[in-house]
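Before I ask anything, here is the structure I am working with.
Order of writing sets the labels: A, B, C, D and E. Residues in every chain begin at 1.
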Amino acid sequence: MLTIDVRKQFFDKREASFDLELSVEIGSGFTVLTGPSGAGKTTLLKMISGIIRPDRGRIELDRKVFFESELRIDVPIRERQVGFVFQDYALFPHMTATENVCYGIKTGSSAERRDKALEMLALFHIEHIAARMPREMSGGEQQRVALARALASEPAIALLDEPLSAVDVETRGKLLDEVENAQERTGIPFIYVTHNEAEAARLGRQRITMRAGRIVEANVVAS
Amino acid sequence: GSNANRSNEDQPIQAGSITVSAAISLKDAFTEIGEMYKAKTGNRTTVQFNFGASGVLQQQIENGAPVDVFASAGEKQMDALAVKQLIDLDSRIDFARNTLVLIVPEHSGVSVASFADLTSPSVKKIAVGNAKTVPAGQYAAEALGRMGLTEKLADRLVLAENVRQVLDYVVRGEVEAGIVYSTDAKQAGSQVKVVATADENTHAPILYPIAAIEASSHSKAAKEFIDLVRSVEGQKVLAKYGFSSANAPNPNQ
Amino acid sequence: MIWDALKLSLLVVSVATAIVGAVGLLFSYLLAKTEFRGKELLDAALTLPLVLPPTVTGYYLIVLLGRRGLIGYYIYEVTGWSFAFTWEGAVVAAVVVSLPLMIKASRASIESVGPQYELASYTLGKGRFETFLRVTLPLARRGIVAGLVLAFARALGEFGATLMIAGNIPGKTQTMPLAIYEAVASGNERQAQILALVLTALSIAAVYLTNKMSRTQAHG
Amino acid sequence: MIWDALKLSLLVVSVATAIVGAVGLLFSYLLAKTEFRGKELLDAALTLPLVLPPTVTGYYLIVLLGRRGLIGYYIYEVTGWSFAFTWEGAVVAAVVVSLPLMIKASRASIESVGPQYELASYTLGKGRFETFLRVTLPLARRGIVAGLVLAFARALGEFGATLMIAGNIPGKTQTMPLAIYEAVASGNERQAQILALVLTALSIAAVYLTNKMSRTQAHG
Amino acid sequence: MLTIDVRKQFFDKREASFDLELSVEIGSGFTVLTGPSGAGKTTLLKMISGIIRPDRGRIELDRKVFFESELRIDVPIRERQVGFVFQDYALFPHMTATENVCYGIKTGSSAERRDKALEMLALFHIEHIAARMPREMSGGEQQRVALARALASEPAIALLDEPLSAVDVETRGKLLDEVENAQERTGIPFIYVTHNEAEAARLGRQRITMRAGRIVEANVVAS
């Protein structure tokens, strides 16, 4: 279970240009996060992962406190174990697809880690680009490497920021199966940002809709 | 000191090597004397030379550099060490003498035949060592002063940081004239013409002092090296490179 | 004599470049990635050995490290050894004068690496050190190599400070630039030219090879 | 004397840094963005003034630009003027020794700019020059500023080559480092310390301000 | 009218890993370009704009030859006047939204260009981020700045590589209106890459489907 209760403002000069304030408890399994562009979806994921620090509030995953402004707790990013698919991928430009995926795998010999990486690439139908550098991949291929990298790192929670937006409809269907499998296998919470109604409908046992920094609709399975 | 003229025949020479810091103008002569020294000791003791500007050598010694003998191109540096009691005063002695000469480029359109000619309007630039840092420059300044030329030449002087630079300027025709030691002029060969020699009484005698360093752990070998420099053979080598004997009157006079 | 000076120069320069590489990266990292009081002042102060005439730098080194120096005194008391007139002294001189070049160039390139890659690395469970080594460094590669090349060249050419602290003892502390100095000052022009040519060739070859190598490897 | 030397140093350094900035950027651009035969060799050769003892560099400058020099001869014949013993000679010396620092640092940072921004600029109808000026330069800012700072500091501290071509004429060509050297070499420690302090303060202040300024402006 | 007849191969080591070969004539107006991830859509747009050079062939827009391998013609990018929305946006990171859009506007005083830029931003509902830098924008906001920048530059052809993929469904509908308006106003060809069936259906008078570097279906209004 993920508990979030935070406030965060961005400023343009002196004026607050964006004001996020929300409080929600999210159960395990899939949660679809939607909302118009600029609603604060990415900002929320970045706060959960520790990349953006809330002005105040509390974030807690399965009794482990990630952030607590009163107690001055702020667990470093690397200890939060989030698998993050960034909206702009953030693939390491100097590593091949395989090396990108290997990078986050924590256990096993180097041969084992390599095998696991190749397996992940195959899962997302990009085994043929295993040896390619990011700049030699198409947009959709890059996005799938980012997804493979995040899920291969055995995270405690997966934060997927529009992870299939650049992939064609046909392929996307197959990949969604794999993402769902991964969630079921690991049992960890997946937060999945999407603008795609079909995706949302398919994944959404839980669903949160944001607008202008607020939750306008929440359908969550929590205490 | 003058009791450094002991015989070195009856004393065994230590094995190992000694370090001699010497003015760079002594390089050729001292390298040769170094070989002689080595041969004399049956190759058991060698000399490591540390050639540089006398001022740099002085500062190294002041800060504890492991040196056994110091041969300076000027008294000033040796005096500074003496004051701080860093040299073995008994071993200090002048071992060579130099003269100051006026040189012009090999092919020069300007006629300069004496120091007095330097005031001619066609002489635009004169290279001399920096009196504050280069011994040759110090003597040159003194000489020009005695000749009453300091004021008149003040804005024509280019101050070089070593004698080599003066030679380079003259050889390349950047200046109409320069003042260097006769040994330097000799080294430059036909590229420069010596047109005048400064009178001995226009400046303090140009003497090269040598001394053993107080902190040296090879003081015996150090003194033996000094003795060798002072010996007939040593003086012969120095003469070969244009130095005259410290005691003898200037042969050019 | 050329041979001795060349060997010594290679020894001094390789040790110095290795030290400058390690120490320089450490400083660059601190300056680029951490915040502390007086940071920009430290950065500014680090350029000093560039500004002071090398002889003056050498003078301060000898005042510090000489047998009677502020630090050198204790080293000598304890070990009976001193930096003065040793090749290690030449290394110290080379490190001091070339460090600023390394730090300036590599700090700038480390700071230019987009933060998203480092953040991605953190989310993948890597610590600061591993992230720096495996993500930041390779991405800042060009600037770091440029810094190393500058430092190498500067160390190879170091002369003024070396003369002061290490002296000019053939076969012991006489590096190539000192040999050139000696040849020039004693009017041995032919030898000076040969030495300068060897030094030139050595430096061009080293820089050329470094360039080639760093460019044929994977580029980000 | 301090005042004269300081004024002269400021003049020489500002002119030299301006020239190094312009010429250095041109070279960096050519090395980073164009292909031609012997490019890496040129890059390697450009580091030479770092490797050669400054006195040797100065000697070559005299051979080139002196009154009877390869180029200087014609200048002198036509204008009756020569670089030797002028503050312009000091500028030339400062430019030559500091140019490699600028080029190395800025080439690396220009090459590190992702190609997508330049391509985007071309699709928006901009030519190479405007793209370089408005896109590449600002994105390579850090490395370029680092190069300029290095060049500035090196020019400020330039000593060996300046001494050779510009001579050491108090009030005319005696820059701060020459004055410091003179004070140190003549054992005038007090004056040396004052001068070194002034130079140190000047350099730290300049570098500090540059850092501050380049960091408070928009960062890419 | 745009004529394309090109061949392009990418190599992994010695082996051709991607082989594009196609020949098509496209009339003015909207053309929707679809196909699975890795089909070669982006590669095609980059060849039209001059960013990627074909191995051989010919590209011609309205009688103006852009590329012709036999005659060794290769018009530089900047003279082709393409308005390109890159899949990864490629916004200038050191410029605000307004400055990014202004950059490509060729005519008018600086005040006029500024006004035009602000107008374009308003058209795409992002006037509130006019003064913000790219790193201070959400994904969808960045994408809209890229769209505004490309269309403001008065191109001879617009190449839009999934230009609304990061924008929510609701906003996307309104933006599509504006894109269609822009096409009608200017009369230039728009090539629009999308995976979104709704978008494709709405825009597609002409439609090209690619797969593995070949055109598998073309419905174009040409000669």
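The working rule: a residue touches a chain if its C-beta (ideal position, glycine included) is under 8 Å from a C-beta of that chain, and two chains touch if they have at least 3 such contacts.
Source: prediction; values computed, not measured.
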Item to complete: Return the chains common to the contact lists of chain A and chain B.
Response: C
Worksheet item: Looking at the contacts, which chains touch chain A and chain C alike?
Response: none
Worksheet item: By count of C-beta pairs in contact, what is the leading chain pair?
Response: C-D
Worksheet, complete the sentence: In terms of mean CA position, the chain most removed from chain A is B
Worksheet item: Based on the averaged CA atom positions, which chain is farthest from chain E?
Response: B
Worksheet, complete the sentence: chain B and chain D have mean C-alpha positions lying a whole-number Å distance apart equal to 37
Worksheet item: In whole angstrom, what separates the CA-based centres of chain C and chain D?
Response: 20
Item to complete: Could you please state the distance in Å, as a whole number, between where the Cα atoms of chain D are centred and where those of chain E are centred?
Response: 44
Practice prompt. Name the residues of chain E that each touch 2 or more other chains.
Written response: 88
Worksheet entry | In chain B, residues with contacts to at least two other chains | 56
Worksheet item: When you check chain D against every other chain, which residues touch at least two of them?
Response: 59, 181, 185
Practice prompt. Return all touching chain pairs.
Written response: A-C, A-E, B-C, B-D, C-D, D-E
Worksheet item: In their shared complex, at which residues does chain C touch chain D?
Response: 40-41, 43-45, 47-48, 50-56, 59, 100-101, 104-105, 107-109, 111-112, 140, 142-143, 145-147, 149-150, 153-154, 156-157, 159-160, 177, 180-181, 184, 192, 196, 199-200, 203-205, 207-208, 211-212, 215
Worksheet item: Hey, which residues of chain C end up touching chain A in the complex?
Response: 116-117, 119-127, 134-135, 138-139, 141, 218-220
Worksheet item: Contact residues on chain E for chain A in the complex?
Response: 10, 12, 17, 34-38, 41-42, 87-88, 128, 131-132, 136, 138-141, 144, 161-162, 165-172, 195-197
Worksheet item: For chain A, which residues count as touching chain C in their complex?
Response: 49-51, 76-78, 80-84, 86, 88, 90-94, 103-104, 106, 133, 149-150, 153
Response to the item:
chain D contacts chain B in the complex at 59, 62-63, 66-69, 82, 84-85, 163-164, 167-170, 181-183, 185-188
